[in-house]
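Both complexes shown next keep subunit A, but they swap its partner, so subunit B is in the first and subunit C is in the second.
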Partner chain A sequence: MTAPRGHGLELLLGLLLALLFVSSLFIGSNPIPVWQALQQSLQPDPGVVGLILTEVRLPRTLVALFAGATLGLCGAAMQGLLRNPLASPGLVGSSSGAAFGAVLMIYFGSGGWYQVPIGGIAGSLGATLLVYLLAGRNAASITLILAGVAVNSLALALISLLLNLAPSPYAVQEIVLWMLGAISDLSLQDVAVLLPGTLAGWLLLVGSGRQLDALTLGEETARSMGVRLTRLRWRIFAAVALAVGSAVSVTGSIGFVGLVVPHLMRPLAGFLPGRLLPLSALGGAILLLAADIAVRLFPAGAEIKVGVVTALVGAPFFLYLVIRSRRWAP
Partner chain B sequence: MPRLLLILLLLLPALSPAGTPERVVSVNLCTDQLLLLLADPGQIASVSRLALEPESSYMARAARRHPVNDARAEQLLALQPDLVLAGRYSPRPLLQLLRRLGYRVEQLELPRSLEEIRRNIRRVAALLGRERRGEVLIREMDRRIGAVAATFDGTTERPAALFYQPRGYTSGRDTLQDQALRLAGWRNLAAEAGIEGYGHIDLERLLLGRPQQIFTSAYAPGSRSLAQHLLQHPALRRITAGRPMVNVDYRYWICGGPMIADAVEALARAHRR
Partner chain C sequence: MTLLQAEDLHLTLGRKEILAAVDLLLAPGEMLGLIGPNGAGKSTLLKLLAGILSPDRGRRRFLGRDYGRDDGRARARAVAYLAQQGAAHWPLAVEQLVALGRLPHLGPWQRPGEQDRRAIREALADTDLLELAPRPFDTLSGGERARALLARALAGEPRVLLADEPVAALDPAHQLDVMALLRRHCERGGAAIVVLHDLRLAAHYCDRLQLLHRGRTLASGRPAQVLGEENLERAYGIGIRPGFDSVEQALALTWERRPGRNDGY
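Up next, the complex of A and B:
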């Protein structure tokens, strides 16, 4: 299959994303007059509908956009680096490690806002490296998955332990939230917590696409083409830790986006990891925004977590991957 | 004749267990409160461990003078109680065991209105043989609440308010908070939004109600969680035009009792801010 020429696809996805972004601002548990809200939000002292638009819906929309894009992008980068279709932040432990770090900081930290993403970043990096070391370089899918399962369950066990021991009486009930992910009732402060690390991670990945393309030809060939593998590996691990760590410390570990989106986009990217990166970022943002809009369409009072929707979409897709790999098996 | 009198006198202590209990054990925070408020200190054999927590127990100081229990069967049996006070939701197997062994167990409902608070006070007072003390408590509570309510009697302009707790919970119709808010001259937005009892209110609906004052009851000050973080949402401060959220301690609400008067007075004081 050949890649479609030009940037038509990116443009199309970008338009879809913009459309979802705007609808996300207009859809909520209560209908509000949108034009009035827009006008109000531009004034220094907005009325109540302006407040709902800028302080309730905008943060949620921005977080869905950045977290979704991060998960899609990092999934694509990890699959490219490890040349393994099952590598993704959710399976390799980056997300659960990040959630562990963030939980440690939120419930036991001294309260500085910067501590939480730093905890998330450190946890994410730690878990990813642990899986990578356990599985070894050139790991087969099965080894990587096993290592991922081990580290994920360790991280989840530690999260439940921490939340059970946390001084806050509300902590125990938040286990589900960290395991499934949720993005309701966020504020612009949460966006500020998420943004620096996420953007730093994205920036680190800029320009890594060509090297990932070369890597598809095998490590030896890539090396002969001037790709410094150790450096590339560290660069991608650091980028994933920064971006996923910051995003997950605000949203909890939202599953399946990082796994499903690169798979959906790969044929469209002509199987080129480099081109897959921006496409997966766009696709991840689209998926998470759509999932978050779907959550809001449930009747008010039913608090469905966004991670429930992504899992409902992602799990059947994962099964489809399993079935397809069986068909191709010798 | 004097001998008969002597016999009667000797019989009296033996009769008293049937009349007023002398070794009362409470296994529930809310029965602890009424027991500590109403009983003669000598009547109290033990209160629950939660009664010592100053965050949730209004009578925490008085509770320190008594042995505490953890509502465990062997512990309670060792106390040889002649009356066990328990709440509506106290562990059922424990209460069944105590009843089977012949102990007297009385369970109390959680009150949702002033009327139910009065009923509970009268019931515990009667059980303890301290009816007079019960009436004094009720009269004092009614006097203080009546004084607050009287100042708002003629007012037609009642500002909107609501309770907002961690994780977005609020108190709608048929709750103590609802009645207290109205007595203290506020409109309860949560009740107007159709919420029955304790329920969740989403942030957008809260903002659309344009509350002038938001109240909360901190349960665990100093600890942190995502649930508690929600109360710091900047939109909450902006909708009340910078009026800070007012905290009315949890210990006034968690058990409906005469301490509700303190809460009503605190709610009324918030008008002046």
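Up next, the complex of A and C:
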């Protein structure tokens, strides 16, 4: 299979994304009249439907867009860097580190809205740095993977410890519900917290596609082609720590998007890791937006968390992909 | 004129001395064979020349200029490295894989141009891969994979080709084909350093041989000089079988390529 030339595929996915974005603004448990909502939201003193649009639906939609794109993009970058289709953006410790930092803040914080995200981003950066230091500067990919597994286990153990020692069942419930991963009950403040790290992470990945392509031939050959591997690794680690840390801090753990989306898009990218980056970002945003619309429409007493849906759908689907594509597994 | 030059290279990994006081010269048009027993330091020497490893001591120069820290990309346009048992980690189409050879020539946003496409096509044609161009790499046979990876290196249009056991996985016919291809690269003004285990191929195709033994150069010169009985016994622990009169006789290339056969791969 050859990669299609041109950008037709990107365009198609972009259109689908735009469609979902608009749908996400107007679909929900309480459908709102589109025209009225738009008119109201532009007025200085909007009515109820206008407020639903700007204060409820818009933040939720933006977070789904940015977090989904981040998970897809970073999953593709990690898989390209480690040349391992089982690598996920959380492998470097970013997700579990962010979860630990955020839980620590839920636990000990004084309740300011900014505390949980800040704790999350700090946890993500700390965990990623720890993985990097443990693995060493010139580590082979397998060492990085092992260090990541170790740090992830440590972060999860620390979260368990906090749950274990929690003073009240309410604290436990709050922590567990947060960890399920949700993009409901968000405000534009959350978007503001999410954006800087997300954009900084994306920027770091700009222009790394060709180097990831070269890595297809192995680390030594890539080096012989002028790829500065240590620098590339730093770049991708920092990008994942910032972007995934920001996303997880706001949404909680949303599983499987970062793992499944690159798998799904890879054949469409002609298996080129560089081409996969933008496609995977688009795919991640599409998947998370669609999942978030789905949970809103699901008739249930309590809204099902989107992280539960992505994991529930993602795991069997991933299994299917693995079985179907066993021939290119390492 | 010298294309590639190494002086007094030393490298110790852990506590093991891999290379000590190794010199090397490569002139344009020359095909240099690196030979020696397993663990002699051949692959390491090649990696030093490819800029993958750095020596503890010693100089490496390309066209008279010392290797710098930041000139990897520029040098990659002139010096290509073909890894021993190279692999592709994703099942790219052969054409895409070969196109990776153009990466040192392209900026991060530059799209491949006419010259890039021509170089890719030529590399595919030279390695008889045109028909396999759309095939995923992982569906190829071992020999086809080896040729696709060689085509990747050729697609960069390098002056110098550093090939680590390029014929190890190939049947006799394709061994001859690949050696002929490397030979042609040198006759067109390029040059190559080739790590070889097959002494007969080394004697037949290389202009010069450098015999490494325990990280040092044991002998260097024309094949007939290097492949003396004494050197072979000292480096490899082998001698001529009874019934053969001379090293030359033992090293005679006994096969030749019959065109038109075994082309289907």
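Going forward, the second predicted complex is superposed on the first by the 260 of 330 C-alpha atoms of A that agree within 3 Å, B and C clash if a C-alpha of one lies under 4 Å from a C-alpha of the other, contacts with A are read in each partner's own complex, and residues count from 1 in each chain.
Here is the rule we use: a contact is a pair of C-beta atoms (placed from the backbone, for glycine too) under 8 Å apart; a residue touches a chain by one contact, two chains touch by 3 or more.
A quick note: this is a predicted structure, and the numbers were derived from the prediction, not measured.
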Does subunit B (first) or subunit C (second) touch A:Leu297, or do both, or does neither? neither
Touched partner set for A:Val322, first subunit B, second subunit C, both or neither: neither
In the superposed arrangement, does A:Arg83 touch subunit B (first), subunit C (second), both or neither? second
Contacts for A:Gly111 in the overlay, against subunit B (first) and subunit C (second): which applies, first, second, both or neither? first
Partner chain in contact with A:Ser29 - subunit B first, subunit C second, else both or neither: first
First, second, both or neither for A:Ser187, with subunit B first and subunit C second: first
Which residues of subunit C touch subunit A in their complex? 47, 50-52, 72-76, 79-81, 83, 86-93, 95-97, 100, 103-104, 106, 108-109, 134, 136, 138, 149, 152, 156, 162
Seen from subunit A, its contact residues with subunit B in the complex are 28-30, 32, 48-49, 51-52, 55-56, 106-107, 109, 111, 166-171, 173-174, 177, 185, 187-189, 300-301, 303
In their shared complex, at which residues does subunit A touch subunit C? 1-3, 83, 207, 209-210, 213-218, 220-221, 223-228, 266, 270-273, 327-328, 330
If we count contacts the way the header does, which residues on subunit B are in touch with subunit A in the complex? 166-168, 199-200, 202-205, 207-208, 210, 219-220, 222-230, 232-235, 238-239
